[in-house]
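My questions will all concern the structure given below.
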Amino acid sequence: MATTVTFSQEIGNLLHAAGGTPVSACMQCGTCSGTCPVGDFMDVRPQRLIRMIDAGFKDKVMATRAFWYCASCYQCTVRCPRGIDIAELMYGLKRYTIWKNQYPEDLIGPAFSETFVKNIVRTGRSYEPVLATSYFFTLGLKEMLSEAQNATMLMLKGRLPVLPARIKRLENFKRMIKRIIPIGD
Amino acid sequence: MSEQKQLLIIDDDPDFAEGIKSILVKAKYKVDMAHNPKDGWAALEKNKYDLLLLDVMMGRGAEGIMIARKLGKDAKFRELPVLIITSIREQMAFLFPGGAVHPNFVDVDELIEKPVEPKLLLDKVSALIKSSEAKKKK
Amino acid sequence: MTKKTFAYFPGCSLEKMAESYHLSTVEIARVMGMELKELEDWNCCGATAYFHVDELLAHTLCARNLAMAEKEGLDLVAPCSGCYKNMHACNAHLKKDHDLADHINFALEEDNLRYDGKIKVHHLIEVFSEDLKEVKAKATNPLTGLKVAPYYGCQILRPRKFEHENVEEPRYFEDLMTAIGATPVDFLLRLRCCGAALIITNRQAALSMVRNLLQNALDSGADVIATACPLCQVNLECYQDQVNAEFGTKYSVPVFYFTQLMGLSMGIPAKRLGIGTEFLSPPAAMLAACRKAAAV
């Protein structure tokens, strides 16, 4: 259905609290792409992603992997001459594609967030071994071996906890979270 | 019939909001739209509405809940009936199982889940407006 | 001089994975006459790149820690750059956005807490580098001849662009290293992200980012990389094998916490600084300092 809201405005709505300049202010100088340490591994570099948003290619943007590969290092944000908060935009797009259930299925990022968040909500703390092992199955055999090797090494050096740590007032903590994400049991 | 009722939709999904709006307009309501919490609040301050249709997941997270709470705390807005339209369960299902919780922040409100059936929507809207008017008369 | 007291937020990584960072921090704080009171019942701040998927939730988690520190009447210190960035940013948001603060406080009620925006959040390295004179005076076992690549990483500086902080040309890490008698080298990529957040989600990218950093540290003539973040440390040190396997390289660059180096310079025995739990052994100049510290 046709609407009067452009995709670039839609993104502006998503980031209404972020305080950066709207993406339409981009002058395509390329600083963000040039400075991004992950640029070589992105399917679409930041500068082009912003152009695509501005041009209203919603479906294409939502299907992009680039923002899942963003390391949130804020290099682009700090250097953008137009004051566009590109790193926040990347976060926003992660969130938006999860809400709309529109990310490529083979991505590890969304599943990784899920485990991490569930873990914290359950215990109040993050528990690295659980996190790592639940990811073994997503890695190839070679990576799996090297990950296991690392875990063993950390274990031998006494650097991995044996039991997940929990916070003490866990019940309060869980109720606190329910006030922010209103979902029942 | 009394004068035309004026409604506000706050929803970040322009297509969805547009869809709901056309259903409501056909039923002779006057409808405004806002697509983020900030603009939504500004509209509430500026105009007088008979009902608010409110989305939950917007902007930074469940900001619809923030708005509902803010309305409930304000004597000026407490009586505004609110229909919360959410797909929070679907959106956050990967975090938590379970259904959406009805927050009950304002005097008259209801929660329905997306996708919304036109008839159900219209029934709820008119029922909410009626019950809030009944309350006001008391 | 009045004793400085801070609420200390160790963060999940320091519980075990980066215990040496914790141990060495406690040791040097004692020497520096600084009290670090561990925040009671703190919770994870949700620093990984993915937690921003729900920003309100992320703010709530951070705010709970801030509120507990405020209750103690203390500023908060975090040794993990990820935690620091999150809580620093959350603090700024809560101070500025009253609607947000009100809503988050509504959630905090469930734990009988409330945050009024009265405290500051510091990174651990900030509080030590504020008093270089004192550091110098305490460094009785200077790390002479040790060439250090000071690795800032990313979250420690960015994105605080608007707080008249020098995010592009910081010097405090270098100055701190000089104060303990070591020689900071010109480490070109010192502000470049190491990709820790990507190690699981995009391994290729992360390993290549680590490789670039290691190569640049070697090119700059460093014996050791110093870090101020457990995530940077683990990413740079523990993945060198994988980098070598992936790229056919032979890196073996030691990576230590700045607190371990400071501790050594203060004559604290290596064991108490958690030296010995690393994958890659210390370089000669550090070993010499270890021997001297043991002799004291």
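Labels for the chains are A, B and C, by order of writing; each one numbers its residues from 1.
Here is the rule we go by: a residue touches a chain if its C-beta (ideal position, glycine included) is under 8 Å from a C-beta of that chain, and two chains touch if they have at least 3 such contacts.
Nothing here was measured: the structure is a model prediction, and the numbers come from that model.
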Between B-C and A-B, the pair joined by more C-beta contacts: A-B
Chain with minimal offset from the mean of all protein Cα atoms: A
Gap in Å, rounded to a whole number, between the CA centres of chain C and chain A: 22
Distance from chain B to chain A - Cα centre to Cα centre, in angstrom: 29
Averaged-CA centre spacing for the pair chain C and chain B, given as whole angstrom: 45
Overlap residues in chain B, where contacts from two or more other chains coincide: 60-62, 65, 92, 95
Where chain C touches two or more other chains at once, by residue number: 54-57, 100, 103, 106
Set of chain A residues in contact with two or more other chains: 17, 95, 98, 117, 180-181
Chain A residues touching chain B - in the complex, by the definition given at the top: 1, 3-5, 9-10, 12-17, 95, 98-101, 110, 114, 117-118, 121, 178, 180-185
Touching residues (chain side chain B, partner chain C) in the complex: 60-63, 65-66, 69-70, 92, 95
Chain A-facing residues of chain B, complex: 12, 14-15, 17-19, 35-39, 56-62, 65, 88-92, 94-101, 103
Touching residues (chain side chain A, partner chain C) in the complex: 17, 37-38, 40-41, 68-75, 77-78, 85, 87, 91, 94-95, 98, 107-109, 112-113, 116-117, 120, 124-128, 132, 135, 138-139, 143, 146, 149-150, 153-154, 157-161, 165, 167-169, 172-173, 175-177, 179-181
Chain C to chain B touching residues, read off their complex: 54-57, 59, 99-100, 102-103, 106
